[in-house]
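We just call them A, B, C and D in the order they show up, numbering each chain from 1.
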Amino acid sequence: MKTHILLIDCRDEAGIVYKVTGVLYKHECNIISNDEFVDKTTNHFFMRTEFSGDINKDEMLAGLRAALSSASISLVERKKKNIVIMATKEHHCVGDLILRHHYGELDADIRAVISNHAVLKDLAENFSIPFRFISHEGLERGEHEKKIIEEISNHSPDYIILAKYMRILSGDFVRHFPNRIINIHHSFLPAFIGANPYQQAHDRGVKVIGATAHFVTENLDEGPIIAQDVIPVNHRLEVKDMVQAGKDVEKKTLSGALKLALEDRIFVINNRTVIFN
Amino acid sequence: MKTHILLIDCRDEAGIVYKVTGVLYKHECNIISNDEFVDKTTNHFFMRTEFSGDINKDEMLAGLRAALSSASISLVERKKKNIVIMATKEHHCVGDLILRHHYGELDADIRAVISNHAVLKDLAENFSIPFRFISHEGLERGEHEKKIIEEISNHSPDYIILAKYMRILSGDFVRHFPNRIINIHHSFLPAFIGANPYQQAHDRGVKVIGATAHFVTENLDEGPIIAQDVIPVNHRLEVKDMVQAGKDVEKKTLSGALKLALEDRIFVINNRTVIFN
Amino acid sequence: MKTHILLIDCRDEAGIVYKVTGVLYKHECNIISNDEFVDKTTNHFFMRTEFSGDINKDEMLAGLRAALSSASISLVERKKKNIVIMATKEHHCVGDLILRHHYGELDADIRAVISNHAVLKDLAENFSIPFRFISHEGLERGEHEKKIIEEISNHSPDYIILAKYMRILSGDFVRHFPNRIINIHHSFLPAFIGANPYQQAHDRGVKVIGATAHFVTENLDEGPIIAQDVIPVNHRLEVKDMVQAGKDVEKKTLSGALKLALEDRIFVINNRTVIFN
Amino acid sequence: MKTHILLIDCRDEAGIVYKVTGVLYKHECNIISNDEFVDKTTNHFFMRTEFSGDINKDEMLAGLRAALSSASISLVERKKKNIVIMATKEHHCVGDLILRHHYGELDADIRAVISNHAVLKDLAENFSIPFRFISHEGLERGEHEKKIIEEISNHSPDYIILAKYMRILSGDFVRHFPNRIINIHHSFLPAFIGANPYQQAHDRGVKVIGATAHFVTENLDEGPIIAQDVIPVNHRLEVKDMVQAGKDVEKKTLSGALKLALEDRIFVINNRTVIFN
């Protein structure tokens, strides 16, 4: 029997859970887990239901739509998703994902690693993952992004993972993949605006270094946050050591965020996430 | 309008959520939050629903019982609970709870602090909390516990908090208050069995010290775990410093566990907890 | 026998430790702990030595000054320091410090709690700590600060703890107490600039909330960081719950930072700290 | 100019630092960092000094030995160390170390991966690291260990890393490499003794899972602790998910512990570590 995941996102009103579970009951599903959340500030309702059963998907969707006329409804089979990784030169996040993938710990197929540099080619190919070197040299940003979008399109990925892709993406690019691009970047407590944040963090003697994984929106690093974590540091760390500490926490945070995405546990409302885990 | 919390705990089967939410829908409740969990290892279903509405409680309970004949069902109004604190001489957990209580941050009335020593009397009475000194001197354990049970009975507490109560409780005592006694104790990674665990932990150079808050069962420190946390330490800490670090993490862990209990977020199954937070 | 703490801060050069320990050896001290650090970016040397012994302090200082002609040298007896707490209305940090003080866990005498509101009077006086209500109503900032400085001067505090003192201090005020004012404030990952940061943090769905304890400089919240910590949060927390979580982490972080200061473990270089712990 | 690390470990007495730094001063060294610690419970002195300079190593050692007649003194050049990894089937720790090594982030040469199974062969060889499959099938433990010791001897490793090597090592084996074998294993709060600790941890509803990296002594998992860390879990994790969480924290903890060893930052006293970081 297959497992499906039902995601519902709508304005809150009385009886939603009753109506939804009524449809599921009629289809004789076996509910594995069920999460709901009502966001009071927006009066919005979120529901994630994982169930097994031999359903007629079209009929179930029709039943759900009849019951909840204005809801956003998604019904997907639980199976491996496809992802494409974009990277530049840094190996730490890419390598971690590739190893998890290689040993069956990532519920996804890495369809390709796309990079604007060639340095990670061996890493990908050692584990039989296609590597696409798409240099930005001599190209306008739009031209470069067009090539990347073409390559991505070949793989129909569910998610695009920016595993330290160091070029700024245009609004056009981002709009192609709404809430499907996940980025990781270092974060500080407090933030240090401007160039060389690790130097700034060092110069103020920060005691923790963090990382934030988030969906990419047109405002780049300001999209909805999926996961955050920190690592302690002290005055003995030079800037380069803080950079290394930052890599360690980025790697951990990105793989955690990706797991949530692959299990369809994330809703986005405005610039926030609702995460059932 | 009042807020109620409905807790359902039963063998899993198809349609439970549908049936329960059907009853709620009929009573025109407004669901604030809804959590369910199916434990696969025991095939057990847990549901916590917080809702507002002007309900007839008896009718709703009758409806729920008709729908789910063999479930354990609890329907309580969300309001301040009553707690009794038991302590010995250490102030850190008692003081933290008393301050939170005094400033309205604890969703409970501390009805009394009961201690087998007098040292915490001023702390309680400074904040107008009744302090009951029930010495164990010259008493058999059974006699001592009988006096404590009498005092507790005067307050009909929802929970009894062992905020560093350093005497072993008998099975008889524990059976009076099933899943209603919360204890806090230091924990180590790994555990150090026997006398003077802080000395043992020091002598092995542990790098973290932890605390565990749990329900008390007849197996004492082995009841279902509610919350755990750790604090980093190093070789510079002498045993007394590790004890102080342990106090800091105990205080934080106990108040976190109590919050979960006061909001009716904890189910117990066998020797485990299912916590919706 | 008394314990002393020697702090040396100077430009790095060969032989400093040899020269310093030579003086200590001549005075027949028993070194309890010794920490040094050379900051490569500034070529600066820091040393903290804790020792016991029956020394002639003036002679030792003369010996040290002869050996290290251009160093900043501090030699203080290890004993309880005096602190003054400044607060406004929030109790969490003040209460935590007062309880630690009351039970002998704080290596300091709280000489007074000064507040521009009266609400914390009972808390202080319940534990026999002088409370000074110095209202800012009807006063220019300079006049208000003058009154506070007068009150502080009565107590000759080693440190002034801003335990949620919610008024901005002038550069004049800060210059009275260089590297002696410790402040605590919430911190986010990333920072949210402007009004109502908890609302902003909520609206972006942050997953951790942090706190930063730091020395106050004329740039207010941008002084050298002493301690930082974080607490995990999720979408279920409303803004008010995030505020409460922020209080819990502020309380823990401030008491940790104060402990470092009271033990003379902190050096400041430029806008950074070097902390031996 | 070369960098050296001097490690001194002796009974505490007056003047040690003075005598040691006197020798360094005479040799015109430039001290990079200097850490000392006196353990009061054993009256033991530890010192780690990192310095640069064009020294005559034999002369310096002779000078130090003359000054401190009964100390344990080690003077090593700071350079890449050699390590041998022992593993069984699990990839998470081995893979993490191999990637760090491959990208120059590990201050060591991995001379070989030795395993009693063949499954990690590709992982090692993809990154040009020799893989030695030494099956235990049909061999007495002593015979198997003899083969491993022979292989290890070919590489003269500074440290042997048990990256989830799942066979129990004999006292004989351990005595070959005192304080040079580093092991990683899961740890719980509290510990669960006996078979299947993850099942036991699950069945008690633990809220954190930890890992401990330690030197291997004849008491196996009870040697001096180098590093520990934890990761939060909840009731939604099945046993297999807890195992995965345990892998993630093991990986992070082992690489942290190894870094400390490679930088000569660890002393062992009795069953404890003193770590300068």
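In the analysis below, a contact is a pair of C-beta atoms (placed from the backbone, for glycine too) under 8 Å apart; a residue touches a chain by one contact, two chains touch by 3 or more.
Everything quoted here is computed from the prediction, not taken from an experiment.
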A-C versus A-B: which has more C-beta pairs touching?
-> A-C
Copy pair chain A, chain D: interface residue numbering same or different (half cut) | same
Interchain centroid distance [CA atoms averaged], chain A/chain B, Å | 36
Distance between the CA centroids of chain A and chain C (whole Å) is 40
Two or more other chains in contact with one residue: find those residues in chain D.
-> 33, 37, 40, 236
Using the touch definition up top, name the residues of chain B that touch chain A in the complex.
-> 14-15, 17-18, 21-22, 24-25, 28-38, 40, 232
Write out the stretch or stretches of chain A touching chain C in their complex.
-> 37, 39-41, 187-191, 202-208, 210, 212, 221-222, 224-230, 234-236, 238, 270-275
Contact set on chain B toward chain C in their complex | 33, 91-92, 95-96, 99, 102-103, 105, 126-127, 236, 244, 248, 252, 255, 277
